[in-house]
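Right after this note come the structures.
Shared between the two complexes below is subunit A, which pairs with subunit B and subunit C, respectively.
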Partner chain A sequence: MLENFSFRTIAEYLPLFGHGFLATLWLSVVSFAGALAVGIVLCAMNLQRSRLSKVPAKIYIDAIRATPLLAQLYFLYFGLPRLGIVLPELVVGILALSLNSGAYIAEIIRAGILSIARGQVEAGIASGMTYMQRMRLVVLPQAFRVTIPPLLGQAIVLVKDSALLSLISVSELTRAGQLLASDRFMPAEGFITTAACYLILYYGLKGLAALSGRWLGSQPMRSRT
Partner chain B sequence: MIWQQFQGLIGSYPLALRGLGMTVALSLISLVLGTLIGFALGIVRTGSNQLISRVIGAWVDLIRGTPFLVQIFLIFFILPELGIELDAFTAGIIALSNLAACFICEIVAAGIRAVPNGQVEAALASGLSRRQRIQQVVLPQAMRMSLPPLVGQYVLLIKDSSVVSAIGLTDLTRVGWLVVQRVPNGLLVFAIVGVGYFIVCYPLILLARKLERRMGTAHGEVQL
Partner chain C sequence: MIEFRGVNKWFGALHVLKDITLSIEPREVVVICGPSGSGKSTLIRCVNGLETTKDGDLIVDGQRVGDPATNMTDLRAEIGFVFQSFNLYPHKTALENVTLAPIHVRKIARSTAEAAGRELLARVGLADKFNAYPSELSGGQQQRVAIARCLCMRPKIMLFDEPTSALDPEMISEVLDVMVSVAEEGMTMMVVTHEMGFARKVAQRVVFMDAGGIVESGTPEDFFSHPKTDRSRAFLSKILRH
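And then the complex of A and B:
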């Protein structure tokens, strides 16, 4: 039973969890920045008329969405050394998260851009704007409003997905829980503390999403969380 | 060298089949359980009892706010401490069904809330009982809206089933992990694992897209 749930042990391991919390936080931020870059490039490729740039982007996005992140992570972790590229686990993990989330972000941005009413673009054309001007002055500012809430939703998914990095022994939040569970045979203490730390991140991001929804005057977050 | 690797891969095909079978079994069982429980929870969540609705909402939030890997560890390691003995397969089913039920609950609840109020009022005016209102008026319309995100959720479920390999179940991902210890070619091995998932998931993704287009729901509702 759980009657001997040991808060003292948790207190003892608190520095480890603090370290794991910060590690999860910053590796998520770095991965999200990477994912944004990947997503913007993919989306730009996907919106071109030329098949030469469109088809590879579509194939990449579908391949990522139809396979689990864990398989992608192992693909890089066991596969990169084969190509002579030996990277630390942490870098492999960030790479996998960025490449994975990038595909989803590409679709979010695309949906945002396509949600702009056709008349807006036509008005831009009628005003004699170039393609770049239309994008910069008409489409993107409006698309920005629509994409912020689902982007924050994707950020929540990314933070949770980062737990998988513990399986390639990156020292982050879940790893801290595993250490406490295996060192002291206290899985309850370890994983409940881990879960609580993730909930802090989750509610933080969720609050941010609600806040941004109010600022931008759009609907509250409705994305996969 | 490559030839040897191919031989090694071909030699491990019974293992691969077992892994695929495990992935399919896990996904199918928890898909059925999760859908049933999710629908029940979704209907209760939109019902008139505020307290139960709140409790379900809080539980869904807890599940949505924590990584699936942590949930599996919690179930697998803590339920035995509470005196409930369970093997890895049962733990995997419980974790996956619970996850699916929570997401499907929200999908169904959103579908029910999207049914215009006038529909319920008309049913009330026609003297339909609560059961009839839900069965004949609300759910059929809510289903229309819930179907595309529901199929999308199934894709997520199949992909999430890969995480149960962490508690030692020999599913498709775990097989890849085992094979790569003998055949040191991670690119090839996990490309094949990926193809296995792709064959199962891609048709579902296409189906979800088709449904979404046909139902004419707004895009961006659920990202597959």
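And then the complex of A and C:
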């Protein structure tokens, strides 16, 4: 079986995969930063008392979570030009990933904030802190710790979701595999190499998660009060 | 210093504070007791606006609580609040817990706040615990940090919401000792507690609440020796029996 497997072709295509690897890496980083921004804004809107800010955030989060990312991507890619907005593929791709992942991140951050005991907020209120001071000094530093592991999980999902951008011809990892597969009729070589590259990214993120876990472990834990 | 005039409060259909009228003078120590669910905690939580009232007037340090014209964060800075469950910040050391509000709310220089914080922690017997995190402290030690945290704001009023109820019996006296010393310095205090020894020692007045209303109030001597109502007699017989 392996005599048909051409390592030489893979070696020949390595520069293309290197390019794809870097493309996936940086567009994931940019998308994740965008998703964090979207998530923080959505979460802040969702935590307000006013329905005017809460309801739109809830509808957005539900709409994103209820529909496939592929449908969202196609809406932005094919739909927006019909509405007169023409954007480069790469921008559409990063936008789709940020808007999609942001909805999930909003819920992750909200869970982190809500996990902070009511007594912590009351201690802040009772000492005369303003809402912003309470958030900055008491709630967010504690919520941050609870939030890091699920955020890294979401980052791993985002990296894999970025494969969909190959469908709007962004040249990234999966696109590199597709090119090798169609140029040389070698789908096994093409997609195994792609998969191996994703595995490297996955272990990189997992290492990051372990590092942050060790850092958090060395910090004092929440007391059970 | 603290004045309730016909204050009412509901939780939904539940009438938790019924027409409360109570006046507390500067430097006075008032102990509030009563059966569970009688509204004692709700009463003192109204003083710094942790709970809102429905009607009536509540004047604290000359300012009307809940009035839009009253700056509640400024007023709260003048009122220390000690919780039953301590509520220390778990991500901060004892010293950081004590200095956080003085630095950020009072805008005191960090070095000044830390010097004051060390002095107060030493005063409550925790001179060796400046850098300990709450999770490394016993309940009694945590509650003493919580009291030092309030004192570091140099408050005019201190409120205590069952400060010893969550403590193991052997840790109760170390907290009460600190509270007695605060009272003896002339602090205006409202204390929800069933520690009758504390009441006898420092309180000028004991207020007995039941079912959301003030049933009886008087000097500790009078209240403990000659309770006037059936409800207070029944309550005292239950807590003093053991």
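Here is the rule we go by: the second predicted complex is superposed on the first by the 215 of 225 C-alpha atoms of A that agree within 3 Å, B and C clash if a C-alpha of one lies under 4 Å from a C-alpha of the other, contacts with A are read in each partner's own complex, and residues count from 1 in each chain.
Keep in mind that, in the parts below, a residue touches a chain if its C-beta (ideal position, glycine included) is under 8 Å from a C-beta of that chain, and two chains touch if they have at least 3 such contacts.
As the structure is a computational prediction, the values presented were derived from the model and not from experiment.
Q: By residue count, which of the two partners contacts subunit A more extensively, subunit B or subunit C?
A: Here the partner covering more residues of subunit A is B.
Q: Please work out whether A:Glu12 is in contact with subunit B alone, subunit C alone, both, or neither, and reply first, second, both or neither.
A: Once the two structures are laid over each other on A, A:Glu12 reaches no partner at all.
Q: Where does A:Ala66 make contact in the superposed view: on subunit B (first), on subunit C (second), on both, or on neither?
A: Touch status of A:Ala66: first partner only.
Q: Is A:Tyr203 touching anything from subunit B or subunit C once the two structures are fitted on A? First, second, both or neither.
A: The answer is first: A:Tyr203 touches subunit B but not subunit C.
Q: Touching A:Asp183 in the superposition: subunit B (first), subunit C (second), both, neither?
A: neither
Q: Need the overlap of the two footprints on subunit A, from subunit B and from subunit C, as residue ranges.
A: 222-223, 225
Q: Mind pulling up the subunit A residues that touch subunit C in the complex?
A: Of all residues in subunit A, those touching subunit C are 117, 119-120, 122-123, 125-130, 133, 137-138, 141-142, 145, 219-223, 225.
Q: Can you list the residues on subunit B that touch subunit A in the complex?
A: For subunit B paired with subunit A, touching residues are 62, 64-71, 73-74, 77-78, 81-83, 110, 152, 155-156, 158-163, 165-166, 172-173, 176-177, 180, 184-187, 189-191, 193-194, 197-198, 201-202, 205, 219-224.
Q: Show me the residue ranges of subunit A that touch subunit B in the complex, using the header's touch definition.
A: 1-2, 62-63, 65-72, 74-75, 77-83, 104, 107-108, 111-112, 114-115, 146, 150, 153-154, 156, 160-164, 166-167, 174, 177-178, 181, 187-188, 191-192, 194-195, 198-199, 202-203, 206, 222-225
Q: Using the touch rule from the top, collect the residues of subunit C that touch subunit A in their complex.
A: 48, 50, 73-81, 83, 85-91, 100-101, 104-105, 133-136, 142, 149-150, 153
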